[in-house]
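Written out below as structure tokens is the structure these notes cover.
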Amino acid sequence: MFIIDAPIEEIIELENQIMLCKLFAPEIAKSVKPGQFVNIKVSETIAPLLRRPFSVCDVEGSFIYIMFNVLGEGTKLLAHKFKGETINVLGPLGRGFNFDGNFETAVIAAGGLGAAPFAFLVKQLSKDKKILCFVGGRTSRDVIDYGMKDVIPSTDDGSLGFKGNVVELMNDNLDLLENKRLKIFACGPTPMLRALKEFSLKNNFECEVSTECAMACGFGICQGCPIPSSEDADKNYLVCKDGPVFNVKDIIL
Amino acid sequence: MFIIDAPIEEIIELENQIMLCKLFAPEIAKSVKPGQFVNIKVSETIAPLLRRPFSVCDVEGSFIYIMFNVLGEGTKLLAHKFKGETINVLGPLGRGFNFDGNFETAVIAAGGLGAAPFAFLVKQLSKDKKILCFVGGRTSRDVIDYGMKDVIPSTDDGSLGFKGNVVELMNDNLDLLENKRLKIFACGPTPMLRALKEFSLKNNFECEVSTECAMACGFGICQGCPIPSSEDADKNYLVCKDGPVFNVKDIIL
Amino acid sequence: MSKVDLSVKIGTLKLKNPVLLASGTVGYGNEISEFIDLNKLGGIVTKSISLNPRKGNPPQRILETSGGMLNAIGLANVGLEEFIKSKIPFLKGYKVPIICNIAAGSIDEYVECARTLDSEEAISAFEINVSCPNVKEGGLQFGNDVNAVGTITGKVKAVTSKPVIVKLSPNGSNIIDFAKVVKQEGGDAVSAINTLVGTSFDIFTRRPKLKNITGGLSGPAIKPVALAKILEISRNVDIPIIGIGGIMSWKDVIEFMIAGSSAIQIGTLNFIDPTASIKIISELKDYCIKYGIDKLSSLTASYLL
Amino acid sequence: MSKVDLSVKIGTLKLKNPVLLASGTVGYGNEISEFIDLNKLGGIVTKSISLNPRKGNPPQRILETSGGMLNAIGLANVGLEEFIKSKIPFLKGYKVPIICNIAAGSIDEYVECARTLDSEEAISAFEINVSCPNVKEGGLQFGNDVNAVGTITGKVKAVTSKPVIVKLSPNGSNIIDFAKVVKQEGGDAVSAINTLVGTSFDIFTRRPKLKNITGGLSGPAIKPVALAKILEISRNVDIPIIGIGGIMSWKDVIEFMIAGSSAIQIGTLNFIDPTASIKIISELKDYCIKYGIDKLSSLTASYLL
């Protein structure tokens, strides 16, 4: 884990209110794995007080990318930064995706900004796996497939691809999935992950999900980010340290 | 009084840590008088929470200037703004200098950043008064005479002009002042104003001083900025509303 | 569109909207009237008035802190007589409800002020300040004494027919007891909260930055504390609550109402943006329209726990 | 240069500098040891330990507020046995003084924990948490009861020879009474403050944002309150104080010491910058050199009022 002042190399608006930010962060770029995240101090003042967690979206040499949605005060301040400004980045944090396993096809399932961690994962997977990406959004503008390939889209309003959510989309394409040695990698809103858990259990698919939770520290000292274990009723995992990526079987969503 | 989002037309460093900022603020430019101030929100967040008061340093057409010292969080944030950014300005506030009076020579006495309000005052006075400026600073770098003329400097360390403070400087130049119909206009640290009060009372000079005080509102609603009246022990003036400029006789410094 | 009803009731006091300006943060209305139309407000709570004028504490009286500010004004005010002579006439020019805040150094002084002001038609209600942390007499001396607060409430009620609101201190652990005694003694509502006691030192002189040593903490920093106090009262005592403490936006107003407030007061925010209250009122209206809320007052204590 | 003495004493407890990491903001030291050399610290206060493991409250457990944060962790901890088995061995690898914070649901549980841990040489002192606002039993139930705090102090003192520090709540108006009873019952020091009770609601769902409804407010927002409580104790009770609440910089440390603290704890700041404590220690040294302060401890209670 490193704490570095990372100069912004580039910051662009990908879509309305969706930003992509390229940071010079050699130590992190060298050590980060897909699915891990960084915790960013978006201002030098106490407003906002806490860091903001973002998945590492991609890595290129000494640079890391983060992709983010402008939601509240923190992401608004971040979106207004300029090239050359420096932000303080803590990372890499958490456990990323486990993609060394014994599977042939990696199935990506992304809902909305859940697309964030997958450019990096897809790049790594491309070396020796087949890849199939299911990407959902509310409307065609919300279908974020940055860095993905072989994308099958869905939208809530039907404005692009299948009309429905990502899990319904996958169900609809079950023939593409059945009888494959596959592993699902998913990220998106909790209701989507919940539906996906059911879907993958039913179909006996291996599935890892990247979860989210309000965080204070990001590295295990505040106990602020529990997620209940599905095996032990007395146990919580910490999203920041034991996750954010979990085998979907291990957690209660 | 106006509350306006004023775009920054220009922001430059005059001296080490002393900034000059030109703002497009037509309503304020039109109505402000020398010695009045504006109260500026330097950030859009709650850090810092309160506005920061600054004298209007000069006016040019629809533009006002403020000159400031980078001291704490607020002025640091302000110093890092760029041309084109907008800041929220409330003003003009307070009572400025009264320079219509029956005098021939205006004597300016400025200590350090006390120079701030005088470019504007000197401009107005130039129409029909003689002007003599005494300007003090710790070292030659701290002698700020922006927009002044006929400047006689002093420094604490003797690195420029007279060695000593402004009031000692004026005492040293008493021959220039005696037997003139003059009025002193002063701004600077409280100890300087205190010494000046004594000096002007002793020599029977009319003297107005611009005072400073911690402020919350800047326009009379918080009662945060009292300055004791020298005439009525039960009375406080408010620096923001009854001042910041006072006849030195009226207040206890 | 215009069918949205922003009006609220605090006991018998009816206000056209829940947005009041808090005592000590708006003087007697004249300065802020240069920025806003007072008539648009739910009401104004005047700077605490005492029987005799008070000069207040010596400077430094205010200090910014992280997300808040400390004040130790010390109830500087013009006194009852001057208030009647020069401040009420100004306020009479408006139709905005005036809640007159009274501070005092003795129980009798509260009663005397209320009795004298009872005949002033321009005053819609009294707010009894028993919770000022910045004066030696009165203020927190009463604010931490349940019996005293009960006595003051009862005695003030006895001399006026106007609604009596008691402004409570957040500096104790038992705000419920205070709300209960106010209700029991006939008080019409409570306001919560006044400021939290705080201080700060200059690290070079080693002296307190405020001449009064301690001051009262206000602003967004205290918002979570205010909400917890309001919720506590709301869950335990059946009395209308005027919520105060760190409100910075219309969203905060909604949050305070959900937590139990019938109306709210804006304090520190007036210093930062004197027009904020009016903007907030119009944003509350937009919110009601957008979310189909006919009566804003239906939000009061609408929490789901 | 190196003649500056940063060491401080809290009763019989000697620390090489006044900077401790606060309970609940550093776990049991292992995660933060990836960022800093624990041996450089004045000490570490471990996450509150209870007799049995506690799962803590369900999420959402934390929430950012203006200049602060609310937490309702609910004393999630591994329990006494596991603490001894796996956490103490890790900490033993360091020379840093360990202050073991104990939380409990009953007086007996406090005593039982202290008795069991008394033989652990790695533990330098106990900090008794009677002030957690986030659990139903223990916590504030005791924190607001002077007699209970006295009994706990006395009974814990009776089973251990290690220094006993009692961590006080800021949620009452009478912190002096608590400090007095701690001293009277033989307690070695008090820590002040724990968090202030606060809450927040989601304006759309109308539910509290924290599952536990209320949480504890920490961070720079509460700094003025902490300083006022510390000053109050310092002026009235002759007992060492460990100052806590919103410390963000070396300047804050100096301010807390001037206000009466013998040592201080850094809490929320660890989340924002886990290296901050070490930077602060070196800045304190620079400050002492620059201003010719031989003994940093001479600042304690050096206020000029």
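As written, the chain order gives the labels A, B, C and D, with residue 1 at the start of each chain.
The definition used in the following text is that a residue touches a chain if its C-beta (ideal position, glycine included) is under 8 Å from a C-beta of that chain, and two chains touch if they have at least 3 such contacts.
These numbers were taken from a predicted model, which means no experiment stands behind them.
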item: Remotest chain, chain B as reference, centres from CA atoms; value: A
item: Distance from chain C to chain B - Cα centre to Cα centre, in angstrom; value: 36
item: Centre distance in Å when chain B and chain D are each reduced to the mean of their C-alpha atoms; value: 46
item: Chain C residues counted as touching two or more neighbouring chains; value: 66-68, 219-220, 248
item: Multi-chain contact sites of chain A, meaning residues that touch two or more partners; value: 46-48
item: Touch-based graph of the chains, sorted into line, ring, star, complete or other; value: complete
item: Of all residues in chain B, those that touch chain D in their complex; value: 46-47
item: Complex contacts: residues of chain D adjacent to chain A; value: 24-27, 31-32, 34-35, 47, 53, 55-56, 58-64, 66-69, 71, 73, 76, 219-220, 248, 268, 270-275
item: Touching residues (chain side chain B, partner chain A) in the complex; value: 43, 45-48, 73, 77
item: Interface residues, chain B side, partner chain C - complex; value: 1, 3, 41, 46-51, 88, 90, 213-228, 234-236, 241
item: Residues on chain D engaged by chain C in the complex (per definition of touch); value: 65-68, 70, 140, 144, 169, 171-173, 196-201, 203, 205-208, 213-215, 217, 219-225, 227-228, 231, 246, 248, 251, 254-255, 258-259, 302-305
